[in-house]
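This is the structure I have questions about; it appears just below.
Chains here go by letter, A, B, C and D, matching the order in which they are written, and residues are numbered from 1 within each.
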Amino acid sequence: MASEVIELSGHIIDSWTLPRAWDVIMDRGGNFAVEEMRVGTSKTEPSYARLKVVAPDDETLELILSELQQFGAVLLHGNDVQTATVEQDGVLPAKFYSTTNLPTQVRLNGQWVTVENIEMDVAVVIDKDSNRAYSKPMHEVRVGEQVVIGHDGIRVQPFERARERESFAFMQSSVSSEKVKVLAIHEIARQMKATREHGGKILFVLGPAVIHTGAGRYVAELLRRGYVQVIFGGNAIVTHDVESALFGTSLGVDLRSGEQVEGGHRNHLRAINAIRAVGSLEKAMEIGLLREGITYEALKHNITMVLAGSIRDDGPMPGVINDMQEAQKHMRQALPGVEMAIIVASMLHAIATGNLLPATVRTVVVDINPAVVTKLADRGSFQAAGLVTDAELFLRELLEALA
Amino acid sequence: MASEVIELSGHIIDSWTLPRAWDVIMDRGGNFAVEEMRVGTSKTEPSYARLKVVAPDDETLELILSELQQFGAVLLHGNDVQTATVEQDGVLPAKFYSTTNLPTQVRLNGQWVTVENIEMDVAVVIDKDSNRAYSKPMHEVRVGEQVVIGHDGIRVQPFERARERESFAFMQSSVSSEKVKVLAIHEIARQMKATREHGGKILFVLGPAVIHTGAGRYVAELLRRGYVQVIFGGNAIVTHDVESALFGTSLGVDLRSGEQVEGGHRNHLRAINAIRAVGSLEKAMEIGLLREGITYEALKHNITMVLAGSIRDDGPMPGVINDMQEAQKHMRQALPGVEMAIIVASMLHAIATGNLLPATVRTVVVDINPAVVTKLADRGSFQAAGLVTDAELFLRELLEALA
Amino acid sequence: MASEVIELSGHIIDSWTLPRAWDVIMDRGGNFAVEEMRVGTSKTEPSYARLKVVAPDDETLELILSELQQFGAVLLHGNDVQTATVEQDGVLPAKFYSTTNLPTQVRLNGQWVTVENIEMDVAVVIDKDSNRAYSKPMHEVRVGEQVVIGHDGIRVQPFERARERESFAFMQSSVSSEKVKVLAIHEIARQMKATREHGGKILFVLGPAVIHTGAGRYVAELLRRGYVQVIFGGNAIVTHDVESALFGTSLGVDLRSGEQVEGGHRNHLRAINAIRAVGSLEKAMEIGLLREGITYEALKHNITMVLAGSIRDDGPMPGVINDMQEAQKHMRQALPGVEMAIIVASMLHAIATGNLLPATVRTVVVDINPAVVTKLADRGSFQAAGLVTDAELFLRELLEALA
Amino acid sequence: MASEVIELSGHIIDSWTLPRAWDVIMDRGGNFAVEEMRVGTSKTEPSYARLKVVAPDDETLELILSELQQFGAVLLHGNDVQTATVEQDGVLPAKFYSTTNLPTQVRLNGQWVTVENIEMDVAVVIDKDSNRAYSKPMHEVRVGEQVVIGHDGIRVQPFERARERESFAFMQSSVSSEKVKVLAIHEIARQMKATREHGGKILFVLGPAVIHTGAGRYVAELLRRGYVQVIFGGNAIVTHDVESALFGTSLGVDLRSGEQVEGGHRNHLRAINAIRAVGSLEKAMEIGLLREGITYEALKHNITMVLAGSIRDDGPMPGVINDMQEAQKHMRQALPGVEMAIIVASMLHAIATGNLLPATVRTVVVDINPAVVTKLADRGSFQAAGLVTDAELFLRELLEALA
C-alpha cells in the first residue's frame, strides 16, 4: 500500500471541493482517513482538511494525487516543481503537465509562483532566471525551454463558491429555458456596469445569427456606450454585418421587412467583394463606404476585433485571419484585462473562446439551443453560466437593462 | 383506364394548389392533361384549371380524387353527397369521410351547404330535415344519424395564399430562430388589435413555463387589456399560477429573486390543497384568498378558461376537467368566434388545440423548441405560424408592441 | 440561536449525502460543526457523521431539518411521527408532509415503520390500529384519516451510490449523445435478464414514435420473450399499433416501404372505428381481426397494459382510460413488483410514470431529444438514467443484446 | 411594362419547377401568361412550358429573370454569356454572376458549354481560347481573367425529381426522427454498393462524436471494405482517433468500459504530442506506433483524407491544414469523382462540405440534432437528405446492411 498526506483549505465545504476529492479517491480505488477537519464558523472563514490518502500501489496513488491537485490539494511535504527540457520544437517532454483553466502556482526554490496567462490544456514553461512561469501551447514550445512535468510543486486554486450569496447566483443552477431570464439579464447588466466602473474589459463573442435576427443594432449601441472592449467572431458575422450596412439585408433577407429581397446568397458575396475592392474594412470606413454596424463602431471606437476564419467561409472578408494558429494567438493577446465574456449564438467561437479563457473570467453563454450551453460546461469551462434564450430578445433586453 | 374531369379554381397558382394536385396525381400513379388553364391577370382575379385525370384503374382514380378533394378539386359532373346510417353508438359506417380542418361544403339536393364547426379528423353528420351538415367526433355519433361516406358531393376550400402581400408574411417562411422576431411580434400585435376591433375572439393556449419564467404577469396584463377571450391550459399552469399568487413561487422558485426558496415541490401541493379546502377557484377569489395572476384575472373578467387534466397531474386543482372527452367538448364549445390563437410553451395543448381549430383561425405557435413548432404543421395545421423564441421575452415584447 | 444534533449514516461520503447536507445548511443561512465523523474503511462498511446544526431562529432550523430529512438525516433525540385528522374529503391538513420517491419510514410508538407504496408528492396516512403507514394522493384522502404532518419521526433513505463499481455506471454520468451507447444498451440488457431471473417485473412506457419508426416489431418480440410485464402508454400508441396490424401503416405511412400510402390521417381513424365496431381490443383478438403487434402480444400473454387518454386523442380506442384520476389509479395498481422501467419516446408518459415510481425502481429514459431525458431528472426522479439516442435503433439493439 | 418570353422544359411539373417559377414571378411583383404548356404523357417524357413574363419595369424583370434562371428558365431569344475582366487580384467585377451548386452551362459562340467543377457561391471564369468555363472562388481570380456577369447566356439545370419512383425516396420527405430509419439505412447501403460497382467515389465527412461513441471501429471497417474513398474531417476526429488507437480512450473515456480513466483532457494532448514527436501520422504508422483506427486504415489504403483545422483546436495534430483557404483548396481537389457524400455528426464540416458539393452528389446528413440536418438544406444544399438519428447506431447498422 502507498500513501501520502494532503491538505485542502479554503471554501472546501460549500465549493464541494472536499466531497469531490473523496469521490476521486474512491473512484480510482483508493481510500482515505480524515486526519483533521475544521469547518469555518463564519461565512468568510475558510475550512481546512488534512487527509491521509491510501492506494494499492504507487501508480494509482500518483493518478489520485494528480486529480486531487485540480481541487487544490497540496502535498503536506511538497517539493519544488519538476521540469524537463524541450528537445524538439513544438513537442513537449513525455510527462508534461497539462493545465486547467484555474489559477495555478508552481513552487520554485520553495516559493509559490503564479503561472501567467493560464488557460486550459497547455503546458507550463519555467524561466528559472527570472523566476517566472507562464503557459504555452504545445506548438509554440522551443528547444531548450523548461517545461513542467509530473505533479510535484503544483498548486491549483479550485473554483470556489463563496458562502456569501453569489451575485451571479443564476449561474449556479442548471441550464433551462424555464427560468426567469429577465432577472438574469438584469444581473448580467449589473455585473457589466460594475466591471466597467473599475476598468475591467468585457469581451463579446458573436455568431452571425446576431445579424440575421436584426440584433446587430443592439450590439452597435453597446459598443457606442462603452460596454464592449473586445470582440471575437468569424467571417460570417463581419460579412453579414457589412452586408446589412451596405444593402440592409442579412443572407438576402431585408432586416426591416423580414422579406427575402434577393435570390440566394448574392448580397453577402457582393459585400465581401466590395470590401476586397477597396482593400480593407478600415479603408471602407475611411472612404465612407461603411457607415454603420458592429464593425463600423468597433473600428470607430478602436475596439479590438479578432476575426477568425473557418473552413466554411466564403470570401473571405479582408481582416479575417485564415491561419488558425495565428488567429488563436491574436485571441490570446486580446484577453489580458478581460473580466467578463458574453458569448452569443456561436457554438464554434464559444468553444474556442472557452478553451482560452481563465476560469476567473465571468462567462455567460447565450443560445437558444441548450446543447451549446451545456457543451461549454462539459468541456471544462465550469465558470460558464448558461442562458437558454433568444439571442435577439436577450440583446434587446440587455440594452434596456443597461440604460 | 379510368378517367374523370375535375375543376380547380381560386388562387390555385400562388397557393400551390395546382402543382400539389399534379403531384398527387403522379405520385399515385395517374396522369393528367390540362384541358383549360386561365391565370388571373390581376392580384384579385382567381385562376382556373380543368384537368382530365387518368388512372390505371377505378380504385386508383378514387384514391386520387379523394386526395384532390383536399385541394378544392370538384368533379365536373358532380352528385349529391352520399351518406350511411350509424348502426352502433360511437361507431362510424365503414366508408366514413374523414374531415380536414379546411372549410368544407357538401352538396345536398344540388345545393352546396357548409359543414358547421369544421375540425380535423372527425365525421360529417347530415340533418336532411333541416338541410344542415355539421362535424362530429366518432365517439359522439348516435344510432340513426346520417354520416357522409365516400367522396361524392364534397367540396373543400383549400388554404389559399392571397397574391396580395400577406400581412402574416412571416408565417409563410420556414421555422427558424435566426429571423427578426421583433418584426413578427409587432405583426402579431397588429393582427390582435385588428381582430379585437371587429369583435373577434383571441384564444391563448398556455403551458406552465409561462409561470415558471415569470411571464404570468404579462398574460395577466393582456387579460386586463382585453386581448384574451379564451384560455386553454392544464392543471400545471393553473396550479403554478395559484402558487405564484399565494406564495410568490413557481415550482418552489421565488419569481422575484430566482432562488429556490422551498425544498422540493411542496408549495404547488399547498396551493392545490388551499383551493380544494375552500372548494373552488371562484370561491378562493370571492373570499380574497386569490388576489392576482392569470386565473384571478380570467375569473374577474369572465374569460372562458378550459383546464384539461393530464396523466401527469398532481392534485388536481378544482376546476380542472379530468375526463378527456368532457374536456374536448368544453374546448369545442369555446371555439366559436375565435379568430386568432396564440399558443405559448405547451406541446400537449398545442397539438390538442391544433386538432380542434379550423384552418381559418390564424394560429401562432411560440416555443423555444423548434420541434414543437414543426410538429403542429406536420400534423396538418398548415395555418399555424411558428416562432422559435423565448416565451417569456416574447410575451414581454408582445405586451410592449400592443401598447 | 436554535440548534439540533442530527445523525447521518450509510454511504454518505460516496453518495454525496454529507456534502449535500452541508450545502443545504449553508444555503439556508445556518451553520454546523462536525461532532463526529467516521469514514468506512472498506467498500461495504458504512460511514457515519454527527453534526450540530445551528440556525439563527427556530423557523430556519425547521426548514433546514426538513430538507436534511430528504438526505436521511435523523434527529439524535427523535419523537414519534405527528399526524392530523382529515376534515374534508380530498383536502389535506395544512402542515401535511409531502413525500419524496425515496424509501421512507415513520416512527410509530418508537418503532420505525416503512411507508407502503411510496411515491413522489403525496401524503402519508397512518393506520394506528394496524401500525401501518401508506402513501395516498391528496384527492383520495377521506374524512377521519390520520395524515402525517411536520417533520418529526420521519426517516428517508437517501439514494445511495454503492462504493462498489455500480453496474448501472453509465447512469451516473451526464446526459449526452456523445457516449458509447452500445455499452449502455448491453448493460441494460444484463440488468433486464437479472431482473427476470429473480422474478422482478419490467415496465415499458412507450410513445407512438415506437410504432411510427417500425420498432413495434421489436417490442412485440420482447413481449414474446417475457421481458415485459407491464406496459404504460396512451391512445396514440395503441391506435397506431392497431393501425399497423390492420393496414400495415402508421399515420398513413407504409412501414415496409416508408411511403405515404394514404392521404391524411384516415387509417388511424379506421383502426379505432374497427375496434369500436367489435367492442374491444380483446374481442378483436378473439375474432381474429387483430393478429399481430404490441397490443396483440400483450393481450395474448396477459400483460398488464394501462392506456391513459389525453386531451389530444382521436377516438378514443376502446380500452383507453379517459378519466385521469382513474388512469393514475390503474397505473399505481400495476406498479407493485416492478423493479425496472424502460421509458421510450414519450415525454408525457415519462413524466407521469416518473411521478409514480419509487426511487428504487431502476429507470432508463430513452429519447432522441435530450430535453425529455433531463426533464425527468429535474423533476426529482434522480434514479432515472438517460440515454439520448434513437428509439428505433435502441430497441433493435436491445433485442440483439438480449439474444 | 417590360416583358420577356422564357422556356422551361424537363420534369418541370413533378419537380415543382413550374410552380416555383410562378411563385417567384408573383412574389417579385410580376405577372405571366402561359403561352404554351405540354405535360409529358409518360413517366420519361419531359414537359414544356413557354411563359410570357411581364414586370412593371426593367429592373424588376431583370430580378425575376435572374431568379427564374435557377429553375432552368432560358430566354427564348438568348445571347451569348457576358463577361468582364478582373482588374484586381481576388476581386470580382461588380455585376459578377454568383453560382448555385446546380449543373450550369454558358453560351459561348452560340454553343452551350458546361461550367466545370460547379459549386455554390463562386464565380465563373471563361477561357475563350479553349472554349471552357470553370468555377472559381472569389479570392482566386487573377487580373485579366474573364468573369461571367449578368444573366445572359446562362442555363442552370434544376434539381429534378424523376417521375419514376426515386430510389432515394426517403430523401424527399421532411426531416424527422419519427421515421423508419432502418429502411433508409438499407437504401443508403444499396446506393453505396451501386456507386462502388461503377467506380464512383464515396466521401465520408466525420465529426469527433464518431470516435467518442466508439463508432470509429465501424468506419475503419467501411474503409477496409472499400466503401470510403475520401474523408473530410478536422483536428478533433484525427486526434481522438489516434488517442483511441494509442490509449483506448476518447476524451479520456475508456471506449471499452465507458468509464473516465483519465482526469481531464490529457490523453488527447499526449496523442498529439506523440505524433508531433515522430513528425507525422505516416511516420507513426511506419514505425508501428499507430496500429489501428480510421487514420491508420486511411493511410494504409491510400484514402484521401483532408483534415481542416479550426479555431478551437488543440495541438494541432500534424497533417491538419491550418490555413482555411488552403484547406478548402485540398477539399476541392478531392471532390472530382465523388458521387455520394455521407456526413456524420459534424455541423461545421457538414456546412463546409455542403458549400463545395455539386447538387448532383447524393448527400446524406446524419445527426441526432435536427437543427444540423435542416441547416444544410436551408443553405441551399437541396440535394441533402437528412437522417435524424444516432451516429453510432447508424454506422453500426449501415455496416450490417452492407454485409
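Simple rule for what comes next: a contact is a pair of C-beta atoms (placed from the backbone, for glycine too) under 8 Å apart; a residue touches a chain by one contact, two chains touch by 3 or more.
Keep in mind that this is a model prediction, so the values were computed, not measured.
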{"item": "Of all other chains, the one whose Cα centre sits farthest from subunit A", "value": "B"}
{"item": "Equivalent interface positions on subunit A and subunit B, same or different at half", "value": "same"}
{"item": "Centre-of-Cα separation between subunit D and subunit A, whole angstrom", "value": "33"}
{"item": "Whole-Å separation of chain centres (CA-atom averages), subunit A against subunit B", "value": "45"}
{"item": "Between subunit A and subunit C, centroid-to-centroid distance (C-alpha), Å", "value": "39"}
{"item": "Where subunit D touches two or more other chains, by residue", "value": "371"}
{"item": "Interfacial residue positions of subunit C with respect to subunit A in the complex", "value": "13-14, 16, 18-19, 22-23, 26, 31-34, 37, 39, 41, 163, 174, 176, 370-371, 374, 378"}
{"item": "Contacting residues of subunit B [partner subunit A, same complex]", "value": "169-170, 173, 177-184, 209, 212-214, 253, 255-260, 368, 388-394, 396-397"}
{"item": "List of subunit C residues in touch with subunit B within their complex", "value": "24, 63, 66-67, 70, 88, 90-92, 94, 96, 98, 100, 120-121, 137-139, 234, 263-266, 269, 272-273, 276-277, 308-316, 322-325, 327-328, 331, 347-349, 351-352, 355, 369, 371, 380"}
